[in-house]
Amino acid sequence: MSGIAFDIAHLLAGGLVLVSFMMIYQDRLYALLNVFALHAVVLAAAVAWQAHIQAAEHLYLTAAIALVFKAIVIPGALHRIIRRLGIHRTVEQVVGSGLTMLAGMGLVALSVVLMLGITANSDAIAREDLAFALSVVLLGLLMMVTRRNAVSQVVGFMSLENGLILAAAGARGMPLVVEISVAFSVLIAFIVIGIFLFRIRERFDTVDVVALDNFRGERR
Amino acid sequence: MTGTLFHPLAVILLTPAVAAALLAILPGYRLTARLNVLASALAFLAAASLFVVSRPAPGNYLLVDDLNIVFVVLNTFVGLTAAIFSASYIGHEIDSGHLKAAHVHFYHAMYQLMMFGMNLALVSNNIGLMWVAIELATLTTVLMVGLYRTHEALEAAWKYFILGSVGIALALFGTILVYVAAQPVLGDGTPSMIWTGLMAGAASFDPAMLNLAFVFLLLGYGTKVGLVPLHAWLPDAHAEGPTPISAVLSGLLLNVALYAVLRFKMLMAAQPDALAPGPLMVGMGLLSLVFAAFMLYARRDIKRLFAYSSIEHMGIITFAFGMGGPVANFAGLLHMVMHSLTKSAIFFGVGHVAQIRGTQRIDAIRGLTQSHPVLGWGLALAVLAIAGMPPFGVFMSEFLVVTTSFARTPVLAGILILGLLVAFGALLLRLTGLVFGEPEGPAVPIRASLVPLYLHMGLVVIAGLYLPPAIVTWFQTVARLLG
Amino acid sequence: MLLVVALAPGLIGLVRKVKARLTRRRGAPILQPYRDIARLMRKEAVLAENASWLFRATPYLVFAATWVAAALVPTFATGLQFSWTADLIAIVALLGSARFFLALAGMDIGTSFGGLGASREMMIASVAEPAMLLTVFSIALVAGSTQLSTVAQVMAMPEVGLRVSLGMALVALVIVAIAENARIPVDNPATHLELTMVHEAMVLEYSGRHLAMIEIAAALKLLLYVSLIACIFWPWGTAREEAGVGAMAFGALAYLAKVATAGVALGVLETAIAKMRVFRVPDFLGAALMLGLLGTLLLFVSRSL
Amino acid sequence: MVELAALSALSLVMLSLGAVAWGGGARISGLVYGLSALACLGPGAAGIAILGGVPPQMLTLPVGLPWIGAHLRLDALSAVFLILIAIGGAAASVYAIGYGRHESAPERVVPFFPAFIGAMTLVVLADDAFSFLVCWEVMSLLSWALVLAHHRAPEVRSAAYLYLVMAAFGTMALLLAFGLLAGGNGAYAFSAIRTASRPDSVAVAVLALVLVGAGSKAGLAPLHVWLPQAHPAAPSHVSALMSGVMTKVAVYAFIRVAFDLVGPLPWWISPALLMLGASTAVLGILNAMMADDMKRLLAYSTIENIGVIFAALGLALAFRANGMTAPAALALTAALFHAFNHMTFKSLLFMGAGAVLTATGRRDLDGLGGLIHRMPVTSVLTLIGVTAISALPPLNGFASEWLLFQSILLSPGLPQLGLQIIVPAAGGLLALAAALAAAAFVRLYGVGFLGRSRSDAARDAREVDRCMLVAMTGLGSLCVLAGIVPAFVLDALAPAVDQLTANRLPQQMAEPWLTLIPVAEARSTYNPLLVFAFIAIAASASALAMHRFGSRALRRGPAWDCGFPEPSPATQYGAASFAQPIRRVLGSQILRASETVDMPPPGDPRPARHRVTMHDVIWERLYLSVARGVVYVSARLNGLQFLTIRVYLSLVMGSLVGLLLAVALWH
């Protein structure tokens, strides 16, 4: 089974990295959300494939959660938030997207180098999977760091988390993966509700420094 | 797990869980506060009885060994005293209208849930379960930090939440990596996530994978420990939340995260080909210490001041564990315990002070020994203790850390000394302003118990002068375990 | 011991006489200081209203301390009965005690002149004393002792010979002696009512028998220094402990001659130079200090070569 | 014996706890002080017994550092300092029975006082690094609390702050020193440290660290700046203890490490120590000369005496390194003797200042004057103190300085040319310091006690109560006795000196007339008993003669003052005017003193002004720049408190990527 199974797993994981790059490249919020939905779909597919090749039924549940929750519910909710709160449609990036892409390339290279260093006695699928997962995690972090807007930072966090799910799914026979994905979904729900309830978009990051100074610690 | 429902271990976990559920339902402040104290007391008694009761064999999920028993007892003890303190503290907050009854409701339930999370993290034998438990504890504390719903509190809670979530994510990735490293050796599924199994098989794990895992784990759990540069959430979360929670955060949650780091450090040490975790920890410890020491000077908020001092001490502890060796590990353990007791005592005192004066601004508080001698001197003792003055226990651990590290690596000890001195200067400067001079500002009469503060300080003094041989041998065993 | 007391005013008279002669005055007779003291003794003492017991006790203390110090310096014979009571350092310190109490007495009345004198005196002393001690060091290095009898015996030996260090020490000691005894150019003993006076300003309030004691003490101090210089740098003729009466008599004559020479020399010196400003004094004494140190260092260098 | 001393120390600590329990107010102050004076007898008796020939004793208690325990040891060196502490502590306690009645905040003094003495006692007894440092730091902490007794004054708070920070700094240095001594395996017991051998470089590092640690507590320049602020800020009996006794505990620490624990030292560290001591002495006394506050002046003079002691210790080290045990014993004896003497007269003087403070409420010299009429007993006792501290024969200050000069005169025997040159130079500096000390104390006594009263407070002063006078009389008679029969003290010191230098002075009590003969009769002798007798006889004989043969008439009249008497007491020579000549001569460089005169032209009615500015170079260059550095760094780092979450996340990411890169490169 190893040949084709490996290739497909490889393809799906690689696709996830590619979609991550697309997200970094996007500078409009709605488009970003759409790409994120795509990210979740690819993740669901990758997890499902892992469930198939590992014959682990519980992973199908994880894939389903990813598909329903992250590809449909959360992007929908974020759409609503953007409309309600009237957040700027354009994403403000701290550094130009070209530079960010370059940094992203560097991160992917770093993760590949790191994973290559691992001796071959571990599972090849897991190894490749981990390399891609690490890339996705780092790219998600990169996105959180390079965006000013709350929503796009949340999206960055979610893509980071997708990388984690990918890694967990790729680890053969890892228990608790479902629990972890559920826990993360709760976490993300918290974040989204947090944005929505507390209207903390401006407190998430500086838009207007003077207004913020009154809130941030010790400036009373 | 072989124990029954009445085994202390079960009590430690079930009491907070059941209490949390009960507290969520029950009405009334007085009742819930008492129940909160009662549940904490029960958990503490159970934890203390772990010394005498035979330990259960390590199972798939739970474990009691020499290392975590230290943490569990400390955890439940400070949980108890903080609950006693919180009963009077929250009472005043309700009287003064800072909190609504509904919030208090929620607060006590969350308190027990947090205790449950921390206890679970400490006794779990499963790296996945531990991760879940720490996340649970983090989430509950996030909610408590935001309890006051002020702009500042929300800001602090939000920062804590986001940084904590990222940390949690990194820790999870590290956990997965550990599993991946263990899986070829120990086989699929749960066996590859169990401490006892991992420790036994660590020598044949892939060292490179372990290295990678440790980086993620150190940064992930290190965020919770408050190591610089991952510390940003810590000062604000301490400053804006209710003071009992600040005490618990500093006294316990940081320890729990540190416990996780220590566990993985032991794992790393068991694989000789892997990266030595010591230098990393030493580096981050020193960075935290020196950075926090300098940050102490510019603080204007009293709770934020002591929050930075917590970062400083976490730095010292991490440094000590990073140095390794029986003496330094002993010192690290001792320092951790002493810091928990002392720092929570400080927050108890600070909580009273802030309520009496109605402010947390340092320059608005003066002359406490004049206006409130018992509280003022208690706070002075606690601050002197945390600054490393004898006859308090912190001095003993600092003595051991400094002397042993200077004999081994003079340069590092020099940096350590620098940080300690700078921090001492800052703490003393603030202390002088707080407790001496002409009293100033309002003096709201507070009917509050200073017993927790003096109880902690009493323990710290006793430990500084006389450590019972039982505790010493026990610490020494653990120190050897830590390598 | 009584001898030095008897001799001391005579030296003062001699110096005054020499100075007068050199300025073409006839001058008072050499015995005039004796008469002055006797007259002062007979007069009633006037105490300022504010004077305390310290003010009254000081003249006797000063006299006693100076006298004890002076008695410890070998004059015409070494190995005096009680010379082991104290060594050179103790002698210096005894003089310090005398000065200390005199300065306190100067402050006691609460006048501006008294304080002025006291503060300047202490300033001068604070430079003069180290110079003196350094001189003592270099002497002790040569003689291997601070015991004056021993020093004099060693110095009398031919093998000591002439040394640069000793020369320096001599110059330093002379400078210190001039400063300590309030002579020109440091202070003018013949003046009053001048803002530059030092010693006289301190004792301004004294009268009658108190003043007499202080005058005797001052004279004793001068004689002490002269004897000191003579016994250390010019031990020629000094009788040894075990020597007979003849040698003793010869020593006494030699001693008288030395004192007279010194008195004349001092008179000439005082006439020849002018008094310097108070704040130049430290430079003057600093020279002594340097000389003392240099002398000591040279000794080491020459020894280690 | 060691049990007795330890029990007494413990009872002192218990007394403090009892005082806390009883509220520590004025009600129990007399009782507590009385009991603490009694408790001081224990260590004193123990010390005397050891010096009397009882062999050294050890005691191990199951407290302190777990696997070591608390070791206590009472040997001859400890005994010397134990006696010193006992005398100083008992005198201060007796004094405090009276002084404490005037205390405005007794609850901030009484509870700390006995424990402070107890802690000092335990420092001297401690025989392992941990117990030593615990007691040492507790001693600092308690004295800090005592300094803060009058915490409402901002300058007291800043003095106390500076004090404890410097104390912590010193402790850190000691911590490092003991770390080096104990080695990586944590052999903290002194017995283990003593037997271990270590290379010269380590020994020198230890010595340097101990010099910093003990020196910062003793007040060695440039670590002295806290001392003139903190010592005067405390209540006077505490000042007496801090200046008179606690600085000696620091000296003890240095002796213990340098002579006992660290083992052989190379000779070339001693010149540094010698010059450090000598320049400290000069700097201290020069500052004392300029100080206007009586207690501050005394504190600066403490710095001078500490300098003298350290110079003597440096000399002893130089001799010892060259195997010249007899001169080493002489220098060490001089140091110990001077330490003892300084305890007596400095405590006495601080008590005198406290008496003046009680009687007048002032301690600025320019507000006093004429006290010799109003407070006769205090004045006499203070006069003894100033005479002794000015190193004038026949009192004890001179006796120890004389011994020191004798040991300096033995320096030609040293083989190293460097030492031969440095030692006399240091001797010159010490002589300068001694002469300046006389000037400074003439100023203190002349301006403060003599002359006419400069303020109403001084004019209405009343003599203080009996307890205070008794304590001062006790110390005053010690000054006189130790000055007149130093042989007794020297023989008592001999066992301690013998223990550390393997040699001792010849038995002094055996000499005829109790003469001091440190080396040889032909070399140098000093017989204070005879000097004292001669002076007494000569003075009384001359007085008798005067009254017998001269006039006995006495008349009171107005002061003559060269014909220009001025009734206002303000025309007297004040503290600043007295200091002026020395300020001009020596202060212009060292203290950077400068004077500005603002003389209005004729016709202008505004008063002329004369202003003196002085700069403490060490404070400005060293301390303020360190403080500025810390403030600068913290201000720069403080920016990190106000960043956005995104930036904090970048920090997290940065460290992650950095560590990952490191791991990647590590492969």
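We call the chains A, B, C and D, going by the order they appear; numbering starts again at 1 in every chain.
Convention: a residue touches a chain if its C-beta (ideal position, glycine included) is under 8 Å from a C-beta of that chain, and two chains touch if they have at least 3 such contacts.
These numbers come from a predicted model, not from an experiment.
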*Common contacts of chain A and chain B?*
D
*Find the geometric centre of each of chain B and chain D from their Cα atoms only, then give the gap between the two centres in Å, rounded to an integer.*
44
_Based only on mean CA positions, could you tell me how far chain C sits from chain D in angstrom?_
35
*At what distance in angstrom does the C-alpha mean of chain D lie from that of chain A?*
69
*Taking each chain's centre as its mean C-alpha position, how far apart are chain B and chain C in Å?*
78
_Contacts with 2+ other chains: residues of chain D_ = 641, 645, 649, 652, 656, 660, 663, 667
*Which parts of chain C, given as residue numbers and ranges, touch two or more other chains?*
none
*In chain A, what residues contact two or more other chains?*
114, 117, 141, 144, 153, 204, 216-218
_Output every touching chain pair, sorted by label._
A-B, A-D, B-D, C-D
*Touching chain B in the complex: which residues of chain D?*
62-67, 107-108, 129-130, 133-134, 137-138, 141, 148, 151-152, 154, 157, 160-161, 164-165, 168-169, 172, 175-176, 178-180, 182-184, 186, 188, 630-631, 633-635, 637-638, 640-641, 643, 645, 648-649, 651-652, 654-656, 659-660, 663, 666-667
_chain C to chain D touching residues, read off their complex_ = 41-54, 57, 60-61, 63-65, 67-68, 71, 82, 84-87, 89-90, 93-94, 96-97, 99-100, 103-104, 106-116, 118-120, 122-123, 125-130, 132-134, 137, 140-141, 144-147, 150, 192-193, 201, 204-205, 208-209, 212-213, 278-279, 282, 289, 292-293, 296-297, 300, 303-304
*Over in the complex, which chain D residues touch chain C? Could you list them?*
369-370, 372-373, 383, 387, 390-393, 398, 402, 405-406, 408-409, 412, 417, 420-421, 424-425, 427-429, 431-432, 434-436, 438-439, 442-443, 445-447, 450-452, 515, 521-527, 530-531, 534-540, 542-543, 546-547, 549-551, 553-566, 569, 571-574, 577-582, 584-586
_Could you list, by residue number, the parts of chain A that touch chain D in their complex?_
94, 107, 110-111, 113-114, 117, 138, 141-142, 144-145, 147-148, 153, 204-206, 212-213, 216-219
*Going by the contact rule at the top, pick out the chain B residues touching chain D in the complex.*
158-159, 162-163, 166-167, 170, 208, 211-212, 215-216, 218-219, 223, 229-230, 232-233, 235, 275, 280, 291, 294-298, 327, 367, 369-370, 373, 384, 387-391, 395-396, 399-400, 402-408, 413, 417, 420-422, 424-426, 428-429, 432-433, 436-438, 464-467, 469, 472
